[in-house]
Amino acid sequence: MLKQIEGSAAVAESIALCRPEVVCAYPITPQTHIVEGLGEMVKDGRLSPCEFINVESEFGALSVAIGSSAAGARTYTATSSQGLLFMAEAVYNAAGLGLPIVMTVGNRAIGAPINIWNDHSDSMSMRDAGWIQLYAETNQEAADLHIQAFRLAEELSCPVMVCMDGFILTHAYERVDIPTQEQVDTYLPRFEPRQVLDPAEPVSIGAMVGPEAFMEVRYLAHYKQLRALERIPQLADEFKAGFGRDSGGLIRSYRFEDAETIIVALGSLNGTVKDVVDEMRDAGVKIGCVSIVSFRPFPLAPLRAALERAKRVVVLEKSLAVGLGGIVSDGVRKSLSGIVLKGYTVIAGLGGRAITRSSLRQLFERAGRDELEAVTFLDLRTELVDRELERERHARRTGPTAEALLRDIGTVASRID
Amino acid sequence: MTTQPVKFYQTGTFTVGNRLLDESQRSVQANMERTNSLNSGHRACQGCGEALGARYAIDAAMRAAGNQLVAANATGCLEVFSTPYPETSWQVPWIHSLFGNAAAVASGIAAANRVKGRKGVQVIAQGGDGGTTDIGFGCLSGMFERNDDVLYICYDNEAYMNTGVQRSSATPPAARTATTPAVGKRPGNVAGTGKNLPLIAMAHGIPYVATASVANLHDLEAKVTRAMGISGARYIHIHVPCPLGWGSAPADTIKVARMAVESGLFPLIEAEHGEVVDRAKIRHRVPVDEYLKLQRRFAHLFRPERDTERLAMIQAVADRNIARFGLM
Amino acid sequence: MRKPFAITLDVGSSLANRTGTWRTERPVYLDRLPPCNHACPAGENIQGWLYHAESGDYRRAWEELVQNNPMPAVMGRVCYHPCESACNRGQLDQPVSIHAVERFLGDEAIRRGWAFPQPASESGKRVLIVGAGPSGLSAAYHLRRLGHAVTIHEAGPMTGGMMRFGIPKYRLPRDVLHAEVQRIVDMGVTIKLNAKVDNILDTMRAGGFDAAFLAVGAHLAKRAYIPAGSASRILDAVSVLRGMETAERPQLGRRVVVYGGGNTALDVARTAKRLGAEEAIIVYRRTREKMPAHDFEVQEALEEGILFKWLTTIKQAGETTFTVEKMELDETGFPQPTGELETIEADSLVLALGQDVDLSLLDRVPGLVIEDGVVKVDANMMTGHAGLFAGGDMVPSERTVTVAVGHGKKAARNIDAWLRGARYAPAPKHELASFELLNPWYYTDAPKSVQPMLDILRRQSTFEEVTGGLDEGNALFEARRCLSCGNCFECDNCYGVCPDNAVIKLGPGQRFEFNYEYCKGCGICVSECPCGAIRMEPETI
Amino acid sequence: MFQIRLHGRGGQGVVTGAEMLSVAAFLDGCHAQAFPSFGSERMGAPVMAFCRIDDKEIRLREPVMEPDALIIQDPTLLHQVDLFNGLHANGYILINSTRSFEELGLSEFARDFHHYRLCTVPATELAMKHVRRPLPNAALLGGFAAISGVVKLESVESAIRRKFPGAVGEANVAAAQAAFELVSKDQEVQGAQAD
């Protein structure tokens, strides 16, 4: 059913259709609307049977999820930013224990300085925690990915993180087709846990494993993700058959066949990129783009197939590996191992900095002329940086950088971009 | 002379069993069919109080729950010595997740049991004092305030033993640990620090809080059994000596625990909804010296000379407990 | 369940890890000798019979008791219970009132008519016993149980020896004595009364006996020289007490002086009081503390109004007046005369200065040695003459009923061995279960039960028994005060306190076993065993 | 594609206004996208919300940089924030005020725009009258429907009713209708003047 609906509400409805049995919630912007929506459905009985648990922290949230999942209940939680970091220990643990928890990350920057706006620093920090990470481009896809995520998680006994851009998607109202319960039930079978805490068949879960088997345990986790590389496209196909939509998969390519320049990005940014690609195609530029949906497992082979004929690849990243540059770029380069082409890393949109069509167009045009640095910071306000660097050259006690910069800009919402 | 009913049973209920007592009055541990929830072959040190306390508690819980029990365990000695791959000593469904989240994991299991309609399957969370009073305190407090249907058992050996005896917020005053060494002007742990978790648990107003000791099995089992009969959040804090960390003889584990109780330093109490409802009376009161002298971690209180001031301070703690909880 | 590799494990799999290899010391169960048993002159297994009494099984308790002592009702009354002085419970609150439980069991046996078993088979050997006192009766009982034919020759008109002629009936009612003697007789023991043996070897030959046990006791009163007038009435304690058992009751008068400081002196004074004497005075040359009599008896005597004159000797006896001299103790604690004299009024003087043995029957027995008026015996109670054994008051030892009973048992076992051409070897004794080996915290606090006492007026005027028995409830309570020192009573502590579940409970009455596969040797079981029945022993490496 | 930018202060329902506007467009059969400027949610702080309306899927995620219309819920922002940034000469401006553009000191600024696309409406006054709370967003949407014709008044009414079921919704609908009428009348007057 088509609805003009907030992204968070759409995801909440979609999750409810997956019949989660335990939902843990701890408030953090911008994921709150999702669990609020679910909480209301549990409270008014629309979502039943389901336990909605208000916990004391994100660490508590995922820990409760670990318990309920290990006890055989389909379990969901959501978080963002600092919350994801606060639960980091449990994030690794849930994966290590092979518990098929599904978690939404409403992507948001990480402080300090504290920042509630969107980028991918949070989920990227957990990229190697053993979770499958799927990035949604639209709210429709965010809603759909959650349905696929439960299926995938439970098949593989591996937790899945569905990443959707904070505010840009979570708080955006747009048209979403909410599937029917019947569709979802057909697609997503009952949860049959691989291991369960059951007095009838007791086991000890969470043993201490020493050097004699730890490598093997880790290899098996890796192997599980390699299997996911096969299953994710199959599940997307199956989803299309059942729901009539393309959603998910490993990567999605756009006007790339004859493209000399290909833009690679994750999440909602791809919409704007596509608009720019269309503009430039209209102007005769051979440009295309690829959206990475599955960042973990990382789709090396499909990426290589999509990119190998291009002259250059521009990876647009909403996170920064400080001291290195890009995170996604590393994987993209690895996929192109042995192929000689130009590769550019562009760090964009950190902490909610708007990524505009005009900026992208200029960027892509410069890329087409190969004028980009290996690592470029899109729309970096160099005058602010220079001023601060100058100040630091003259004074030892410069005070906090963030506050100094803010003094120079003025009121936050007084600017459009 | 009219015949009075004979109430004296040689050792009464102080020993584990008593051939003269009715079967129903004997302890779970006396039973040949006891669960041995924590089985032989675990790697706890010789004379480990925690291994003993855990078997006491979980066996009693198993009996109370008709073996319908799931346990969540915090990281720590108990977890490490019981489940090194490829062997586990547990006979109950058991999960270890992290150091600080046992209470939350248990809340999750309880939620799953509720939603799955598994009536009668009870959930226990357990951890050491570090995993309970320090790193796990947030999750524990959350579990308490939500009144989740979980019995949390803390095995208190008064320091981080698994990592090599570092101070925790349950470490008593003057005790030597690796991070409160017995050097300087006032050797050992600083007085006036630390927290009393049973009282904090009571402040949450949860249905049941109790303290217990491996030195008093019947009392311990009665409390576990009682707790298992109550729904909602419950907390039992069990004093379990650690020969390694305390510098006591492995054979003295129970004796040391007994001296803690008999001196008044570890009161055995029961509370319901925040109010103390019962206490175990001290049978043969001893001065705190009798307790402290058994442990090398307090040796500096007696050598090279008697630390009269701090011994008096510790005795005052015991006296206050005795007065406050009516232990005599 | 398709369990994930390594992180999820099958329950109880740690049994594969044999932690027993960690051990440097191993616990072992052992039985230690309880101090009561150790102290009992009759060699009773006190703890053994208390164990059964604890569970209310009095018949088994009694049966266990009479393995060593055939006269518990007597013993429970007259024994000075060294067991209780040794009892570890004394260091906790008060000793277990062993004698009271023993008496209860003895009385219970009489009341219910429990009998001794007949011997399983007859040995065909004949043993002569001379004297039907405690030692002789004890020997007769044990020999009979071993299947030997036993004949007792008793010089006196009644059985019991000193139990009858030395102990007043207010301490040992005669029906009790009779019942316990009769039970021995009922085993098929022949007793010939008024049958004084003049020459032991002749009698043995005449009766065709294979061995003999001499237990004639010490019935000859010791005399002291006291200048006396012809009208002075001076008697000896043996005659007075003996007279109480026969038709001719001794005439002691209104005021009686008893000279001596032993239990017999007290018995005589208390008897005199009961016979109607207005005043009974004990004159003793030393102080109360130095008195050989038991303190509780002195206490009872004082309660009954007996008067004492300490540090006093009798210098001269007149018809109704006696001159006494005050004494004082020198540095060595020995009394020395002071020359200070006084006179006391009395109708009679009874000398209670000890007894000698009548050894006339042993004249010209080859090999037999007599020293200090008693017969020398070896460790097997045999005299220098083969086949001739002796015990009780006529051999060098403490002269108590209990010692005599013990002699009888020991002699019987040696006679039995000798008859079979063997030598009796007693089972080696276990190490002593001293108080330090116990963990008394586990025992319930319980002061001992008090036996009822006859009220003072009746004690002064009648020969009713002074001390009453326990009722069943009290006896059970008292039995359960036993700490079971050194011997497992299956309290399950070791089974419970082992952090490694390395103790196997074998079931009721079967005790426990260590599982050395898993025992790490921590020793908690040893520390927490209430009764000290476990010991750590070094592992051989 | 038609892009609207809404300005106001936290607590005035700016985001809800954008949301209802997108719903109204959705009900008209269009694709629509509404999203806030994502400030921390505090009362009184300047906030923005955006709405895009198109007849095909909207992929663009940038903030509305070049709006076709501005809805200004709080005229006190006029001199505090660069409200008109990116607005092109054919753009619409709807300001919540009892005063005219002239009275607001915008005469000179208004000269660059089609005057019939500029309008003030006393939305807070209408809200106080109908809803009894100073929440001008519904009235402004009514006014916006009148001034722009981008969404139908009926769709705006339905969108309001979806967001606020029951009496509150009806009150807001009444405010929207009143604003619609006021603005329509004003448009007629201005149209007459123009003619």
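Here the chain labels run A, B, C and D in written order, and each chain numbers its own residues starting at 1.
By our rule, a residue touches a chain if its C-beta (ideal position, glycine included) is under 8 Å from a C-beta of that chain, and two chains touch if they have at least 3 such contacts.
Note that this is a predicted model, so its numbers are computed, not measured.
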Notebook entry, point to check: Out of B-C and A-D, which chain pair has the most contact pairs?
Noted result: B-C
Next item on the list: Specify the chain most distant from chain D by Cα centroid.
Entry: C
Check: Central chain, going by Cα centroids?
Finding: B
Next item on the list: Calculate how many whole Å lie between the centre of chain C and the centre of chain D, each centre taken as the average of the chain's C-alpha atoms.
Entry: 114
Item checked: Distance between chain centroids, defined by C-alpha means - chain B, chain C (Å) -> 50
Note to self: Distance between chain A and chain D based on Cα centroids, please, to the nearest Å.
What the structure shows: 34
Check: Once you find the CA centre of chain A and the CA centre of chain C, what distance in Å lies between them?
Finding: 92
Check: Of all residues in chain B, which are in touch with two or more distinct other chains?
Finding: 82-83, 85-86, 88, 90-92, 94
Check: Which residues does chain D have that touch at least 2 chains other than itself?
Finding: none
Item checked: Junction residues of chain A - those touching two or more other chains -> 97, 201-207, 209, 213
Check: What topology does the chain contact graph adopt: line, ring, star, complete, or other?
Finding: other
Next item on the list: Report the residues of chain B in contact with chain C in the complex, numbered from low to high.
Entry: 1, 3-6, 8-12, 14-20, 26-27, 29-30, 32, 36, 38-44, 46-49, 51-52, 55, 82-83, 85-92, 94, 217, 243, 249-255, 258, 283-284
Notebook entry, point to check: Contact residues on chain C for chain A in the complex?
Noted result: 1-11
Check: Which bits of chain A are touching chain B when the two form their complex?
Finding: 21-22, 24, 49-51, 53-57, 59-61, 63-73, 75, 89-90, 93, 97, 197-199, 201-210, 212-213
Note to self: Quick check on the complex: what are the chain A residues that touch chain C?
What the structure shows: 96-98, 157, 194-196, 201-207, 209, 213-214, 216-217, 220
Check: Any idea which chain D residues touch chain A in the complex?
Finding: 5, 15, 18-19, 22-23, 25-27, 31-41, 45-48, 58-65, 80-82, 85-86
